[in-house]
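What follows is a structure written as structure tokens; I'll ask about it next.
Order as written gives the chain letters A, B, C and D; numbering starts at 1 within each chain.
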Amino acid sequence: MDLPEEQMIRMLETMVRIREFDERAALLMEQARIHGSVHLYCGEEAVGVGVCEALNPDDYITSTHRGHGHLIAKGGDPRLMYAELFAKSTGYNRGKGGSMHIAALELGMIGANGIVGAGAPIALGVAFASAYQDNGRVTACFFGDGATNEGAFHEALNMAAILKAPVVFVCENNLYGEWTPASQQTSVRDIADRSASYGIPGVIVDGMDIMAVHEAVVEAVARARRGEGPTLLECKTYRFYDHVGRDFGILKRDPDEVAAWRARDPITLWRAELIAQGVLDEAGADAITERAQAEMEDAIAYAEGSPDPEPEDLMRDIYS
Amino acid sequence: MTVKTTTAAVAEAIDQEMARDDRVFVAGEDVRVGGPFGTDAGLHAKYGDRRVVNTAISELALAGLGVGAAAVGLRPIIEIMIMDFMCVAMDQIVNQMAKMKYMLGGKPTLPIVVTTHAGIDSSSAAQHSGSLEAWFCHVPGLKVVMPSNAYDAKGLLISAIRDDSPVIFIHNKRCLQTSADVPDEAYTVPLGVADVKREGSDVTIVAIGRMVDEALEAADELQGDGVSAEVIDPRTLSPLDMETILDSVRKTTRAVVAHEAVRFCGIGAEIAATISDEAFDYLDAPVKRVAAPFTPIPFAPVLENLYLPTRESILAAVREIV
Amino acid sequence: MDLPEEQMIRMLETMVRIREFDERAALLMEQARIHGSVHLYCGEEAVGVGVCEALNPDDYITSTHRGHGHLIAKGGDPRLMYAELFAKSTGYNRGKGGSMHIAALELGMIGANGIVGAGAPIALGVAFASAYQDNGRVTACFFGDGATNEGAFHEALNMAAILKAPVVFVCENNLYGEWTPASQQTSVRDIADRSASYGIPGVIVDGMDIMAVHEAVVEAVARARRGEGPTLLECKTYRFYDHVGRDFGILKRDPDEVAAWRARDPITLWRAELIAQGVLDEAGADAITERAQAEMEDAIAYAEGSPDPEPEDLMRDIYS
Amino acid sequence: MTVKTTTAAVAEAIDQEMARDDRVFVAGEDVRVGGPFGTDAGLHAKYGDRRVVNTAISELALAGLGVGAAAVGLRPIIEIMIMDFMCVAMDQIVNQMAKMKYMLGGKPTLPIVVTTHAGIDSSSAAQHSGSLEAWFCHVPGLKVVMPSNAYDAKGLLISAIRDDSPVIFIHNKRCLQTSADVPDEAYTVPLGVADVKREGSDVTIVAIGRMVDEALEAADELQGDGVSAEVIDPRTLSPLDMETILDSVRKTTRAVVAHEAVRFCGIGAEIAATISDEAFDYLDAPVKRVAAPFTPIPFAPVLENLYLPTRESILAAVREIV
């Protein structure tokens, strides 16, 4: 698949911005400057970006507890995101949701979720509405490998298949759910095999290869827009850090396993690809990282300097 | 104005709201054939598969379908056949539907009505007879409605469908079978407003759902003993119209609260506690509660009859305090 | 597979007894002599009997709302069963459960269930316990096609596969869930396809052919006893009557469809087979039916004449 | 006797009961690594995969595993990581676990302990901070335990594990972090018996879970104003030891009930309603409730602090009535 150069560059830039965002989020958590816990997307950037680059601005996504990357890929503003992590009134959720519930309906980002698997039924509903309204929109539903063991996943995929809902189910198979390896909790190695339960296509891609992800999603999205229903897309990827933050110290993963995956850092791979293709040179690539770092530092400053919610906000927005 | 069963009044309300607003749709199990209780009669023939969505036996996904569809502009009516089945859908109702607006800083409006059928009827036993309204009343973000007759059911349901917040709409199965004069056109009964079903001066009976008719019968009998009972039907349990209840109790100085759910931690506890607190200086007797005993619901009719609170239980409670 | 003649005859007899039991249960409901609603097993007898004939007396089964056949196949006494339907203190559940909760722990029948799909997690637990206690017992878990769309089914099969629990998941695919055809609620035609989600064997058999069911179960049970984990067995069968009782009048099914399935009545087929094999003659076969009819009439008389529960039973057996 | 955190006391209780009875096992998410809160520390190393079952993220199947295993003779400890996650397991807990014995005419004994972690701690927001004890108190067939300190936690958990009925055992997250003198050997604190944490004569403060320490601090401060407060910790919420509470109120004539859950339809409503009824002639003031406001739980610490009831809220309530 041939993409315009500016898109190829934007894909690298978005991945880098996600990485820089989450590295700093981890630091802020360690420094106790932000509250709650952050689940880092580092290592999985090619999935979120590869998927969202196949969506229109008015398409939808549902996310997970590990949602920062999804939101940035859908166009999220790091300033409003950090502001949410800092629990400020300028945050996407006015400081009332935090990392695990971060959302931006205006960008079609329906929400991260604190309940594993709960995004799937919601994505089903959003996609159902698109078909109902016949607006041609597609919903991408992100979830982890562990989430596929929740009943919600199963019920949502079956119903989406029956209703031919325009949704793409994107599994980020990073081989772990918290501190439990997939092999100890998921009865199949390939999540894509579960598509057989719903009579829908199941596709496996290298989640560290952004083009592989992107091409698969473009096809799944086209299928959904044609009214042919959902696809289950499994992206093999890896959590570079711990379940929460960088090192929670609960489970030590095999260092060779970690090293092997880090050697396939999706950002390094795509950066090298763009340089090899002559789309970028080293300096141009470095400039992207520097821009991203500056953007994040600025965003953190904006966020930390923002006002806290007002006491009245406690009892606001409970009902419409 | 025509005499209608509550079931027919409910189907009429849904039909009229669907005709009025294309964003309104119904989703649930066996809704295509009119719903297991007949509350969707005629809808599929008129609105088809697009707006009458006959779903798999997947209540969790069904509730989530409502959340997602509402978040992007539709107005779902989600039918959970039996209230005990809410147990398999709790996450989408409690953790998602009820909390989403608040967690997201106020952005989404979630105009969802979740209807369900509660209460004892024809020996349905422990997994098909429950009344769990107190659970949902304990969840901020949800409204809870429980009508006692056909007129209120239609008017409250139309209000619920037009409301922009999630509403848990509980049909008591036996109330569905009762009839009343019901206007043929659409009308609303406001949410959050209790109704004084009968005026009285000696004791206030706050009755919920099926207990309303029992309370009215009890009030007739009390009249004979020269006791004038006021019967109040909250109709909406959350938000609860305590003012109407408190005004009554300040007048009568005595109160009994009756519901079909088990007594321990039932909605009656909230009502009794609030009366006892806010009308403390007016009360001439303790607030009594009439409710089911603390046991799962038995199958045997002889036991079911012992379980179910009746006019007799209400009479006994009133006579304790007047 | 060669079975002893007395077993072949017992298999016919048990199917006939189930048929006679449920035909009368339907009548009793129509006459309002019993309470609550009965879900008839008529047409599906080959499944329950074919399965339970492959189990030992100390093996377990979990059942559904359509559970009379399962209990009789596991050795249930029609007198105590009718007594339960009549809500009598002599019933299996002392009149406190009724048809939808009928159970006989002493026979390894853990219970019918009023919640679709809820038997699967319970069967998982029973099977887990057998492995834990290393007692060599197997659990057969019955459920319908519609139940496979409940999250409980999915979670239980995944966990059973991971734990290699000694359980056989038996799907009675009768093509309908209440008044909704499977095609409108289940995204696959063959439930057995869903075994792919758990990396376990998925087997399809003709649920009207008791030998086909039996042979498949014998193999699945052997596999479970060897500690190799669960099997998903799909039995293609049909509900001869309505969802509740004989004719609830809500949904009219295609008469040709009904006729085609009735033409393959599992009892007629097996009876003909036994006569063809010379295991039985017409008279012998008729005698089985007559015995069963007499047994059921006697059981109904016993049940109807039994005492009601005592008022004290209302508050009894809530806690241990 | 050693000073232990509640977390350590809980792990010790489980270890001692597993050592004592081979039928006892633990199942839950990440129990192999000691559990997300450390309450299973050391168990997997000692008892291995057979008795420390690290499960998939499937709470409904997990709860069902407990029901089935208990029905045939085991004594499961089922861990649902966070109380809000109970929502995905409600059917097995409420429709199966709680009702099975009754529905089956008494045959099965179901010695199951479902442990979970509730309450606000370090900005966990609306889906990880809930206190839903009132839901389970409304379900006949379940017992509900909510300890406030390390000593009670260990003794109550051992009683719960040895109990033959299903017990919902709720750890408040902040209570888990507190320490107290805890015997090293196994001991029991009986279920269904409230504990008078502090004797007093002017007002009774019934405090639940984390509110117990807040109430004790409030009582110290009240002492300064010459108000003698009695602090009662029910410890078990169902069955609830109302006698101990009523005896106290009949003595003090005033009562405040405090919990972390939202006030509307919380367990405090049941306690307040029962006191107001059964101690009606003794009360010199209305029973006041201290609880969370009716809103989902906010993420922002500034709002979380406004949400959470504290000693200040208890002091304010007491001062209203003394």
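Details
Simple rule for what comes next: contacts are C-beta pairs under 8 Å (C-beta built on N, C-alpha and C of every residue); 3 or more make two chains touch, one makes a residue touch a chain.
Since this is a predicted model, take the numbers as computed values, not measurements.
Steps from chain B to chain C, taking the shortest chain of touch contacts, total 1. Among the other chains, A has the CA centre that is most remote from the centre of chain B.
Separation between the centroids of chain A and chain B, computed from CA atoms only, is 40 Å.
For the pair chain B and chain D, the distance between C-alpha centroids works out to 30 Å. Note: centroid distance chain A to chain D, computed from Cα atoms, is 36 Å. In chain A, 93, 95-97, 101, 113-115, 149-152, 155, 158-159, 162, 184-186, 318 are the positions where the chain touches two or more neighbouring chains simultaneously. Residues of chain D in contact with two or more other chains: 55-56, 58, 60, 84, 87-88, 91, 95, 102-103, 125-127, 140-141, 294-296, 298-299.
If you sketch which chains touch which, every chain touches every other chain without exception.
Residues of chain C touching chain A in their complex: 149-155, 157-159, 161-162, 184-189, 193-194, 196-200. Of all residues in chain C, those touching chain D in their complex are 60, 62, 91-97, 101, 103, 105-106, 110-111, 113-115, 118, 120-130, 132-133, 151-152, 155-156, 158-159, 162-163, 316-320.
Every residue of chain C that touches chain B in the complex is listed here, in rising order: 35-37, 87-88, 93, 95-98, 100-101, 113-117, 146-147, 149-152, 177-180, 184-186, 250-251, 308-309, 311, 313-315, 318. Of all the residues in chain D, the ones that touch chain A in their complex are 29-30, 32-34, 36, 54-58, 60, 84-85, 87-88, 122-128, 293-296, 298-303, 306-307. Contacts from chain B toward chain D in the complex involve residues 60, 84, 87-88, 90-91, 94-95, 98-99, 102-103, 125-127, 132, 134-135, 137-138, 140-141, 238, 240, 261-262, 264-270, 272-274, 276-278, 280, 283, 285-289, 294-296, 298-299.
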